[in-house]
Amino acid sequence: MHLTRMAWRNLWRRKRRTAITAFSIAFGVFLSVTFTGSADYVYTNMINSGAQMGLGHITVEARDFNLTPTLDKRIDDASTMQRQLRDLPGVRDAIVRIMGQAMFASARKTVGGAFIAIDPAQEHADNNLFIRAIDAGAMFTASDSTGIVIGSRMAQQLGVNLGKKLVYTTTDKDGEIVSEIARVSAIFTTGLAEVDGSMALLPLDRTRRTLRYDADQASLVAITIRDQRASDVMARSISERLATAQREVLSWKQTQPDLAGLIAMDRSSNYVSQLLIGLLIAAGIFNTQLMSVLERSREFGVMMAVGMAPHTLFRLVLIEALCLALVGLLAGVLITLPWYYYLNTTGIDFSGAMGDDYSAGGVLIDPVMRVFLYPESVTGILLAVFGLTLLAAVYPAWRAGRVPPVESLKTI
Amino acid sequence: MHIFSLATRNVLRNWHRSAVTTGAMAFAAAIMILFAALMDGLLRDSERTAVAMNLGDAQIHRHGYLADPDLYSLLDDAAALAGNLRSHGFHAAMRLYGFGLAAAGTASAGVQLRGVDMDNEASVTLLHRHVLQGDWLAADDPHGIVIGRKLARTLAVTLGDEIVFVGQASDGSMANDLYRVRGILKSVGEDVDRAAVFITIPAFRDLMALPQGAHEIAVMRSDRNSDLDAARERVAALAPQYEVRDWRQLRPVVARLLDMADIQTIVMVVITYVAVATIILNAMLMSVFERIQEFGVMKAVGVTPWNIVALIYLETMVQTAVAAGAGGLLGYAAANYFTDHGIDLSHMASGFSFGGIAIDPVWRAYITPQSLLVPITFLFLIAAAAVVYPALKAALIRPVSAIHYR
Amino acid sequence: MHAHTHIVRLENVSKTYQQGKLQVRAVDNLSLEIDTGDFCALCGPSGSGKTTVLNMIGGLDLPSNGRVYLEERDLASLNRSQLAALRRDRIGFVFQAYNLIPVMTAFENAEFVLRLQGIPADECRQRVLATLEEVGLHGLERRRPDEMSGGQQQRVAIARAIVTRPAVVLADEPTANVDSLTADALLDLMQKLNEENGITFLFSTHDQRVMDRAKRIIHLRDGRIEQDEVRALPGARTAKS
Amino acid sequence: MTNKTEKIRFIFRVLAWTFAASAALTTSASAADSERAHQLLREIDDLWRGQSSHAIMTMEVKTAHYTRAMTMEAWSKGTDKTLVRILSPKKEQGTATLKSDTNIYSYLPKTDRTIRLTSGMMSGSWMGSHFTNDDLVRESRREDDYDASISFEGRRDGDDIIEFTLLPKPDAAVVWGKVVLTIQAHNYIPLTELYYDEDLALARTFVFSEVKTLGGRLRPTVMQVVPADKPDEYTKVIYQELALDIAIKDDFFSLTNLKQQ
């Protein structure tokens, strides 16, 4: 307590210096919050959008379906599993889907593409990005209807419009080639050219009949969870529960490696940048502390002469640094809070700068820059501030305890 | 001369404090250099990888081929055009593409057959160095093919296994032949990984009954630092009847991601400089204000304010010069280390590709003259700016106040 | 062992400094014993080695040769922390330039060493207040060093030195920076502490007023003892008025 | 993956017309709301249908990029089983296609392999013609696909004709909006078959000509398909030999037989 009070007073002996150093810490906090916060927000956004494009955060799927997504691979007791999965803590939703490749033909043209067969009773704009992106027509409402929802580019290529028919051809569960008619009930535009040109939604029950699946069979159960960060852990625990020789459990990182790669890439460059800026700030703290130790060497000499142990002096200087960090942190919080609040609630709209295609790594990204910090990011920033401060103060503190008292007494 | 030696002596006399100040500046300079080199490296590598595995700097196609990659949409004089490009200092390789079915055992998959110009492809892309297992194509092994990694798993084939290709040849006949897996590629991107079958151009021509022409010419600048737009214009001038696009036009999403990374880099560099400015400002403030009594004494004995300003500036510049030298060396050494060793990011994700382009998971620095000169210039500017206030303060303070300054 | 008849003992102690290219012999093969309860002055011109001797006794400096014993403990056998603890518990220092800690009040400066000893706050408070009163600083407890005169600051320094009831107080030119009235008052104080509490005082000084009151005066020149004078009637002029 | 330009469909539809009768007509007749259409189509079906067939024919293909001709030998049984083997040119000799139910297999003599076509291959051209592999599969699926009616009956261009209009049933997996079939009234020999898209724009035309006696009957021996969007292209099938109701076992249409020359 005694040392702390002393450290605190020492800190304010050089107000300007302390203020500048504290400002640099505050600046670091500000930056870190902005960058980490926007990364946290954007990644979560991308991962969640990706999850709503078919596979969820976690999928329970037929073994090797991920590698070669053919329709002979299927799981049997989809609805039982769905019920089980929905009861798990942290699970927001579990949705049964059939996903496969198909050819879509109109009288004019044939287009290769993919479909997701869904139960319209279970999927809606909130959990399915394609439904959210519908800009013409309405979602089919019956799971055994002849409706189909296709991307706008596909509609354009096939020359079909709402209500028009198309024929899709695929291979059923035994690898037999099957064809089925469908009528366009809605058209979506996600903004992802590739997706808009090749993706279709089909009604689940009818697709089951087409593929000669049993009533409870499907390609996969797509699980969305409340907190995407738990994907890997939950995928592992679900895997322990449900994985068999026939089915496996994968997280989004395995089913969407492009997205995972993009995020990892961006995250690491973000970390390295922040680390280097942190090092710079630490160098500033180091500089300040060392100067402050050097100019007080006489004082430290006296303290040691009257019996203060070197390690106590070491602690004193460390505590000074921590106080400095605390001041910087408080200042940082003060300047960051309004900014964070603004970015969190309003955000900065970059849609003008981004063109029409708001996509990256195959998923949509939000053109409005917002921030959101996970608690562990907050902890990380706090740890970084105090960690770097301590790191920067170690040498000056050691130095303070090493000054030979008699030498310091000599320097007037 | 007199004031210069005084400045030098002052710096040396207070060598402890000078060392701390100079050290802080040197460290800041080193960090700026390392940061600039790392960011340059990231951008350059992303761009290079974007270009290196497949795209090349620019591609030449027949008009309409990109929208509808038809077997007949040929560059009829491809060989002559590629030769002409090479004589104009470009690297150029012809490519042929065909679609069909590859089958091995009971497994089959739709594939894209890619005819490779064995003499020139290696000067345009690095695919030949990206082989996971086995070997790259060889001109004397027309039945040896190289396939994507996921395709190999889909077809359940390993090196030496046979693959049948079936497709439609240009004369309408059924193109089919038996090949042997000579190599399996490392991950390049989803489309290549899942569907690509590489084959030599003679074998492709033979199989697809396509004796002339090519679908694509991939062009690479011989100087990677020259301007991309200008290079594309030159290529376009040499191939006026065809569509010439640079890789940014071919992969706008990737180009935009890189642009965004570029902006992010600039922002980060600016931020780094602000942080550096703070350090230097603080260091300068400390080193001048700590000696303010001394300056007071100097004024008391008749030194003019301008002399003091000049002295402080000289001292600062002496220190900054030393810092620039030391920081430059340190930064160069660090950047150089990361140029050779790189930061391995592969543990952070299983694959590293986006927009269909594989990214090298090792992040390397890249040192350009700018990445050295800009930070050092900035160091001098910041030091000069940071010392304005303390120098003026020291020059203008009344001797009596200076002696009692705390 | 006997109860430290010699509180300080120096055995053939030498100290050489490197000053630029010159080797300076500050103390030259010096042997010396100081008795417990002494009020002793080391005298000599500047450069005679008094401060060096004092610093070595306080463990602030190590001899180049020979041994220094404090209460029969060889200081060379102690590490930095043990030396610090020894100074904290057994030695009080008074410096020429007061050397108070600028951010602390008179009270806190005096309290500093007690707190280092880990004495509970209440007890500290009582002892500090008593000591400050003893040195004549009643009412000035909350002043910072820059709010006090030189004499007051030196009183605080003395209070800091004696508040722990050390075995020995080492005072390096304690009167050099104060006017003579103050110097007398400080010397009165120290003499009183010596007599009433049995604290050993060892001064380095060339101030005649100090020498006048010393029980023993050791004259140093060029790092050697020139004369060791034990005075018959120490403090003749200090009889209480 | 972008698709090739639209190709015209139904090689087996054609084969059926010429030597095995049309399942489509058979079934659409049974489902026709018009009793007369129903009866007529049934009669046509009786005329043309064979339980099995064997034929030798030449296929000429003209596209913007190539012109090719090949001779092939074909066997069929019912609507589900067909085997076609190339006789010439030499380069493709022995290449064979087997349709068994909904599956298509290709035998490739050059590599001595049999490939089963996947759904992704179905839009590909069959033997470089204007028919896709998908056309081959579709044929046997037409049972319940159309409702038929007689839309014209009388003299047109100097012939007495009957014109049938086939409208796909709402649930039928058929891309067409309408198929119009014209036959000669007196001998039920087909003249044309026109395919329209859903907006009733013409998509392709089948023309039947060169009426000769073949397989014991008078029938058109040449059938030509022209895509509406590429009027310069065509695929022409010319029958040289035809025998109906031959004795042929089911296991003739097997993978082992596919390979045999």
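We just call them A, B, C and D in the order they show up, numbering each chain from 1.
Criterion: a contact is a pair of C-beta atoms (placed from the backbone, for glycine too) under 8 Å apart; a residue touches a chain by one contact, two chains touch by 3 or more.
Note that the structure is a prediction, hence the values are computed from the model and not measured.
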Exercise for the section: Please give the intersection of the contact partners of chain C with those of chain D. Expected result: A
Completion exercise
At minimum, the number of touching-chain hops separating chain B from chain C is 2
Completion exercise
In terms of CA centroids, furthest away from chain A sits chain C
Completion exercise
Reported most central chain by Cα centroids is A
Fill in the blank from the handout: chain A and chain D have mean C-alpha positions lying a whole-number Å distance apart equal to 55
Exercise for the section: Averaged over CA atoms, how far is the centre of chain A from the centre of chain C? Could you give it in whole Å? Expected result: 66
Handout entry: Whole-Å gap between the CA centroids of chain A and chain B
Key = 25
Handout entry: Residues of chain A whose C-beta touches two or more other chains
Key = none
Problem - For chain B, residues that touch 2 or more chains besides their own - result: 109
Practice task
All pairs of touching chains, please: list them by chain label.
Solution key: A-B, A-C, A-D, B-D
Completion exercise
Seen from chain D, its contact residues with chain B in the complex are 1-2, 4-5, 61, 63-66, 68, 91-92, 95, 106, 108, 110-111, 113, 115-118, 120-121, 124-125, 127-129
Fill in the blank from the handout: As the complex stands, chain A meets chain B at residues 14, 16-17, 20-21, 23-24, 27-28, 31, 67-68, 253-254, 257-269, 272-273, 276-277, 279-281, 283-284, 286-288, 290-291, 294-295, 354-355, 357, 359-362
Problem - Touching residues (chain side chain D, partner chain A) in the complex - result: 1, 3, 6, 101-104, 116, 118-120, 122-123, 132, 134, 137-138, 141, 170-177, 195-198, 203
Completion exercise
chain D partner, complex, touching residues on chain B are 67-70, 72, 99, 101, 103, 108-110, 164, 166-174, 176-178
Problem - Residue ranges of chain B touching chain A (in the complex, touch as defined) - result: 16-17, 20-21, 23-24, 27-28, 31, 34-35, 38-39, 42, 109, 150, 153-154, 190, 252-253, 256-257, 261, 264, 268, 271-272, 274-276, 278-279, 281-283, 285-287, 289-290, 343, 345, 348-356, 359, 363
